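For clarity, chains are labelled A, B and C in written order, and residue numbers in each chain start from 1.
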Amino acid sequence: MRSEDRLAHPVTPGRIALHLFLAAGALASVFPLLWQLSTSLKTLRESRTQPPQLLPESFAWENYLQVFETVPFGRQFLNTVVVAVLVTIGQIVVCSLAAYSFARIRFPGRETLFWVVLALLMIPSQLFILPRFQIMQSIGWLNSLQALIAPAIFSVFGTFLLRQFFRSLPLELEEAAKLDGAGSLRIFWSIMLPLARPGLVSLSVLSLVAVWNELLWALVVNTSPTMMPLAAGLSSFQGQHGTDYPALMAGSLMAALPLLLVFFLLQKQFIEGIAFSGTKG
Amino acid sequence: MRSSSATEMSPRRRGISRARARETLTGLAFIAPLLAGLAIFDLGPLVATIGESFTRSLGFGRSEWVGIAAYLDFFVDPVALGAIVNTLLYSLGVLLGIPLALLFAEALNRKGLRGRGIYRTLYFVPVITMTVAAAMVWKWIFNGEYGILNAALAVVGIDGPYWLTDRATVMLAMVIVGVWMSLGYNIVIYLAGLQAIPTDVYEAAELDGAGWIRRFVSLTVPMVSPTTAFLSVTTMISSLQMFDLVYIMIGPTNPAIDSARTIVYMFYETGFIKQDRGHAAAIAVMVMLFILVIALIQVRLQRRWTHYEV
Amino acid sequence: MNIPARSIPALGVVAVALALGGCSTPEESGTTLRYAFWDESQKAAMEQLARNFEDDNPGVSIEIEATPFAEYFTKLETSITGGSGPDVFWINASQLPRYAEAGVLAPIETDDVSWEAYPEAIEKMFLVDGTHYGVPRDVDTIGLWYNKAVFDAAGVAYPTSDWTWEDLKQSATALTDPEAGVYGIAANFDSQQSYYNTIFQAGGYVVSDDGSESGFDDPATQQGITFWTDLIDAGLSPTLSQMTEIEPFDMFLSNTVGMLYAGSWNARWMYDDEAIRANVGVVELPAGKVEATVLHGLANAVSSASSNAALAEKFAAYLGSAEAAEFIASEGVVIPAYEGSADQWVASMPDFDVQVFVDALEFGVPWPSTPTTATWEVVEVDMLRPVWAREISIQVQGPKLAEAVDEILVGD
């Protein structure tokens, strides 16, 4: 594995070309975000004026205040964090157990079962909305955080990711433990799970992004603004007859910042965690 | 003569089969929580949907049986067939973003690159951006009169088209956004894959006098082929389910919608707007089968050119 | 088993979650009514009215539920079907027949409602076979908005409320300046704000009164459509492509379109911006064969499954009362249905001549809806879209559209 080389390379034309290439890609990636920032600082009329101006006329910071006035942003932020943390914990327990089993424990029909489970990924999420609503209705979980947490814990993608990861770990550790007389649960808990930390970090980051941007399901199953996560809460800026773009952009930028921060801080582990999982079949 | 009865097995054989049974039980026990949850939240709805697909909704839970009428309808409906074509075109287009991601990942992987962490975060931004916000911004970028894209093209003397309302260009525009949305994620996955390649292979090639491009094509590309396989299957599966872009960027009054409508959008339209859940369920089942078939074909094809380490 | 220190924060989160999510509202001794609606901008008004009602009826608490419009009716229907629908909820004229026919609305029979207080055309929208299914809340009408800067630049006199279709076309011609990229009017592809109005003004109909026949093969109806397509053909209006790329309202605000048919709900937000307020005016829609405007509105309905039917009815009646209407009017967002309270709505915007929207009630035509409206409206948009894109004429498409809609209407 290559290490991050602290010594910078000399500035050659090749390097410059490299940076230009990367910078161009980075600009294209970030440009819409910059546009969002610009819009968030415009007045409503400015945002609707054609041709659209790159820079706002004045810096309408009140749009950001308006977000706090219109939606209980703090509460929704808290909701999102709570849901994200509990979903992540749930996935770590449920999905890694299953993933380890699919990867390392032998039982008849294992591969077939895995492929059947994987096939569930092919179902568009919109399909689940109304039936799951009915389920929540019947168990009295409408307008709750549980309704947002429970279905997300049983993640097929997460299981897939972690299975790949477990498969890439060396067998010797488990064999040694078995010779010592350790049962599967013990091996899993004390040895495999700690080793799987990078994979768990990757899964957590991906889950975080998914939960953070969850929209349609939250809108349908929850009714009070105090129960909404961020993305759903921000949709109240989309009225029946038109959208308050500046406020919506302000809100969604504020909502995205924590995610960016998390990724920036965890990117090394995130990549490490996928390093093992993406490469094998 | 050896008896076939189990009780006559040697103690060792008995021990092994007991151990096997224990292992099977453990294996299933570990999977049980996942399966239980999936049964409730995924299988239940799936089965309900399949049942619903044979009915026509009359609203408020009432329905009448129509058998396979909705399915037959699907095959003769030009809108449905168009949606299938659009969805395929979109998915194939977004697949092209994968080699692009490899190029960027390769660039980001260079030794001693300054600002690597910042670059990576910037590339990841689209993955984090709410699709609603991203689609709105791209709608403005693609605007025929005042969009940034056409403004940039005008600088080099090209008269840009009405990207989102012209049947000839709307799918291309959607593909561009699709690639943009997935690029960061693909790059990060590729970075992981690249890191797993031992450096000595490259060093040996360098000593043999192979240039940068040669090393890339003959070494890097084959050695990340498992990652490529993984990305193409997952990208395909999610692209075939594209809905948000059509819903937000295109909309039902767009004159070019026939060239942009995807099958999941059709499902949404039928179920949520026309409020015929039965018919929508049939569309959903067709969508699932369609995705399944495409994914299987893809996995089959990939086995040929994928090169796995031990 | 030792609990690792690392997991304490996680446990803390679980505790917070249970506190937040486990019990969403405290149980009250007394009755709770759930009230559902969709417009976030009116939430403050709804909350105030709820508090008023609670004060007058001790022991009652109202839970307010707001859902964005796009998801509102799907969610409402699913929750009603599952038995967990709200007690009182907003319903609009297009969905009322469907809900009434399904039997999920309770007839409003309380004496607390004085039906004469609502204009007949509005009352009709929530009446099915002589039974009232909703207490009218507010109504929308359409007016002709004009951009003073565009008119001044072309030296054309501002529109008046006596205009006819001809007057409009003439002014649009004078205003249109292809070089400057200015159009006289935007032929918005929108039923409520554009073509339903002109259909009625031409003497046509969208659906026959008994709800059994589509009007799109009727020549008068088709005239209501050609009104717009002629404008596009003559270059007096942007094309559908252009109007999809940029919203007609944005064009109007950017001084590239001189006139726009648009609804009364736009008055408030335009008024609140000083620059827009100074530059914009509004008059009644020009007359075709007759004067007409399409009416759309919403009412407060009561669920037939409510466990507090009498109380819910009382609340719905209160929401449609004079007191509530005045409150709604003072917020200025929508025109209350209660006769006379519209004056307050007008008064809240002194520099705008929004009286025209109230006057338009006189020749308002109720929203054409049947139990299958949701389905045939989609077909209508799908088939009129190529007409607007000038790929096909209404004379050819009209009969096909009528046939398709008739088929759906049969299912009613």
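Criterion: contacts are C-beta pairs under 8 Å (C-beta built on N, C-alpha and C of every residue); 3 or more make two chains touch, one makes a residue touch a chain.
All figures in this text were calculated on a predicted structure; none of them were measured in a lab.
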| item | value |
| --- | --- |
| Longest centre-to-centre distance from chain A, chain (CA-based) | C |
| Two chains sharing the most contacts, counting C-beta pairs only | A-B |
| Centre-of-Cα separation between chain B and chain A, whole angstrom | 16 |
| Distance between chain centroids, defined by C-alpha means - chain B, chain C (Å) | 38 |
| Centre-to-centre distance between chain C and chain A (centres being mean Cα positions), rounded to whole Å | 37 |
| Multi-chain contact residues (two or more partners), chain C | 74, 246 |
| Contacts with two or more other chains, residues of chain A listed in rising order | 50-51, 130, 235 |
| Contacts with 2+ other chains: residues of chain B | 143, 145-146 |
| Sites on chain B touched by chain A in the complex | 20, 23-24, 26-28, 30-31, 33-35, 37-38, 40-42, 44-46, 48-49, 104, 107-114, 116-117, 119-134, 136-138, 140-141, 143, 145-146, 180, 183-184, 188-189, 191-193, 195-196, 199, 224, 226-227, 229-231, 237, 240-241, 243, 264, 267-268, 271, 277, 284, 287-288, 291-292, 295, 306, 308-309 |
| Chain A residues within the chain C interface of the complex | 43-45, 48-51, 70, 78-79, 81-83, 85-86, 89, 130, 133-134, 137-138, 142-146, 149, 216, 219-220, 223-227, 235-242 |
| Chain C - residues contacting chain A, complex | 10, 13-14, 16-17, 20-22, 24, 36, 38-41, 63-71, 74-75, 78-79, 82-84, 246-247, 249-251, 253-254, 256, 263, 265-266, 269, 273, 275-276 |
| Partner chain B, residues of chain C touching it in the complex | 73-74, 77, 80-81, 98, 102, 104, 189-190, 240-242, 244-246, 371, 374-375, 378, 381-382, 385-386, 388-389, 391 |
| Chain B residues touching chain C - in the complex, by the definition given at the top | 59-62, 143-146, 162, 164-166, 251-255, 257, 269, 272-276 |
